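Both complexes below contain chain A, partnered by chain B and then by chain C.
Take a look at the complex of A and B:
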């Protein structure tokens, strides 16, 4: 057993501590709303990509339906606040629970499908969810609804969202890291590698896939609610926009699917890139550039940016990667 | 009360892969399953382990009917297999591969660390015996065919399965190593394990098995001791043609 003082001096630990200090102090230095807004978006996307990665990256079950859980989180919060006057902290968690319940119902049926069939089913699910919500008048139909604003002075109104989303991103990363090293994580990897062999090794593959799907849906349910409350407005077109699912996929591929660090890299890179592009070449060309970046990444770094470490790293580094990333 | 197949049949479209096959694998035995290519040996394995559904017949293990259980539920009851075309998890390391087999799917086990000391020690012992220990941190996909075969073999001993089905264990393994495997199988049998082995290597099967079942065109052609099988005209004809 190594003592904590030695562990604290390891480069990985030092980097993590430095990052935590940076994130904690960031609002004190950059208190302009714009920078905080970018950070909040990064945190939200980290949660979305990291959670998508559990069935998507670990088990190899690519989903286009992740936006559904995000949207349901937003609408659960919207409905509970507007229609029942419930406190946001409770509505966020309820959003997570609603998303998880939906994942249980949908996953139990659709996870019997494999590969692209599952992916198509999730796409259908996302489109159906949007359609259903659009047709519920009590939820504002296609126009959506306004949510009450946090009555803080404009100078500070982003602060709680900043620390809230940062905290949830940290918790999500930590949970995914724990799962990666647990039986669940390894068994999901086994399913990705060879599902029949996994079954022959005694793994209840259906059960593990459904559990992964449920855990994965809970987090977008929560941040969907926070995002809705943060923006102050929800409507089906934006909260159920398939672009969320596309962004998640792009970020995951860019950073490195099936790793813990990859989603963090992908989310950070694309949120910042998207902001830079929107005031340089303009938003409309953004997707073209995304496409080019993706092609380049799949050609030269098929395991994502995080695999650079593996390429240039020593043999020792490679082994460490297979256990931890 | 070992494994008992009664009137087992399976067809694929118009092809009758297995027809009315009955046999028993008794406790504490090594049984061979032989026959020309396409005689239904691997299909029988897939029926016993749940990868195919039976058309007709009954499969019992330790008196319990297992033919409607899913593959992992049969593993839970102690039936483990290897594949003819070796299957390991290529992106996982050798030691990670060893941690995958399980008989425990309960929620409590889910979030436990996958690399527990007890399992690691057991894996290291098995790998050492097969000469794979120095490759423990290598990705399984980088191993040679023979090494992957050995890894898959080792994996089937990670859980205390009582019945182990080996599909052509000697294919691609060098003769010296094969002798090691043979000794290993014998030792495990003495400890109480039961083996059902598909094999084309007749020296191995005659040497190892107490009982041999011969399949031909999906049907059971003969059953008996190695001596009986060797002296059986029909079996010779099936193999050599006439």
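Take a look at the complex of A and C:
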């Protein structure tokens, strides 16, 4: 058994520590709101993509409707703050719980469907959810709602959101890492490789798929709430925008489906890229480009950017088989 | 209304039935049909119903290209890879349409606008009646093509048993290419007709996706007769919903029917029961 001090000196560990220090100190150096805003978006997307990756990457159940959980989180927070005056911290968690409950209800039914049909069912659910919210007048209908702002000086108002989203992102990554190494993780991989065989081997596939789906909805529910409170405004068109689902897919596939590092790479790369692109070319050209990237990656680099290292030949020699093989 | 849904959905059903590909870019290609007719009617001055004669071959080519350039290369991999690549196609096409024609609402103006034929007290709008006529023609042509031509027989053989068809000398790759072309051409017909009846904008295809997929799933995957039946059912339920509950709920109907069908009877009304999806 290796002791902690040796473990600390491993390159991977050193890099992680360096990254943590960098993220902690970042607001002290770059205190302009703009940089913090970008970082907050990166953290939010890391949470979204890492969670999507649990049923999507590990179990092979691609969801086109993950925005639903994000949107429900936002609306739970909006409704609880505006209609009942409840403190934000509680509403964020409630948002996660509402999303998880929805995942339990929907997952139990829809996860019997396989592959493409599950994907379409999730899309259907997300669009239906958007319609329902749009038609509830108490939630502001299509206009949406304004949320009270955090009463901090403008100079510091982004700081709590920065550390908040960073914390959630770290927790999400850690939990996904733990799941990856756990029995649940192996069972999900077995489902991805061959669901019929997994079932024949005595794995209660539906149960584990639903568990994965619930976990994967909880975190988007939380960041959906934080995002709503951060932006200070929610409406169905933007909080339930299919764009979130599209972004999640592109980021996950670009980074590498079914890995822990892939979503982090994908989220970071695409948030920065989309910022650069929104200055240079319009939003629509950006989405055309995303579409092209999505097509090219699935055709030529199905395991994502993270697999480049393995393609060249890593020392670890451990090549993860992706279901896109 | 159900008639147009039938044309929109039959292409999707055909693609699934023969190639087993879930063509999620189908509805965005219907939008392309809309805009092509809009452009032909507005800038060139072609009668919108005649413009169908141009949208059909154009969309056939687009469909064939999507198969040739993307889908055929992914056919060896799992279906999910194709699905993801087609999601990329959705993003490309939707936003290209938005760049070319803006994301605003558009409508095709034609001489048929606002005209109606009165049968007793019942007024039937002329464009809708003509649209129904066109869908009937398209469906009959599709049926005759599949039934009586050599290619049609090859398509049906491939849909029943791909391996055996291949052994018997059917060029499966060519069949798939033609199926993608025909299905996308049907999307073009549906698009031109939708454009004549309704106003439209590029992102509308997400809503149609609900309609078209619920038609296909309700009818039974791969069953074109089922799709026609389901299209009429969904058209009627939608009309009833907008009449009794409120127009704003009508777009949700299709999605709710889709969800219920997937839960209760995933093989649809006329689909093969043993099919595991």
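As a working rule, the second predicted complex is superposed on the first by the 314 of 325 C-alpha atoms of A that agree within 3 Å, B and C clash if a C-alpha of one lies under 4 Å from a C-alpha of the other, contacts with A are read in each partner's own complex, and residues count from 1 in each chain.
Just so it is clear, a residue touches a chain if its C-beta (ideal position, glycine included) is under 8 Å from a C-beta of that chain, and two chains touch if they have at least 3 such contacts.
Note that the structure is predicted; figures quoted are calculated from it, not measured.
When both complexes are overlaid on chain A, the residue A:174 reaches neither chain B nor chain C. By the touch criterion stated above, A:18 is placed in contact with neither chain B nor chain C. In the superposition on chain A, A:194 contacts chain B only, with no contact to chain C. Chain A has more of its residues touched by C than by the other of chain B and chain C. Contacts of A:90 after superposition: neither chain B nor chain C is touched. By the document's definition of touching, of the two partners only chain C reaches A:115; chain B does not. Looking at the shared chain after the overlay, A:204 reaches chain B, while chain C stays out of its contact range. Of the two partner chains, neither chain B nor chain C is touched by A:272. Residues 323 of chain A touch chain B in one complex and chain C in the other.
Against chain C, the residues of chain A that register as touching in their complex are 60, 62, 64, 109-110, 112-117, 119-121, 123-125, 127-128, 131-132, 134-135, 242, 246, 249, 253, 282, 284-285, 287-288, 290-295, 298-299, 302, 323-325. Those residues of chain C whose C-beta lies close enough to touch chain A in the complex are 22, 24, 70, 73-74, 77-81, 83-85, 87-96, 98-99, 103, 206-207, 209-210, 213-214, 217, 248-249, 251-252, 255-256, 258-259, 262-263, 266, 276-277. Taken together, the chain B residues at the contact with chain A in this complex read 49, 51, 70-73, 75-76, 80-81, 83, 87-93, 96, 99-103, 105, 109-115, 137, 139, 155, 159. Touching chain B in their complex are the following residues of chain A: 178-179, 181-187, 189-190, 192-194, 196-205, 207-208, 211, 319, 322-323.
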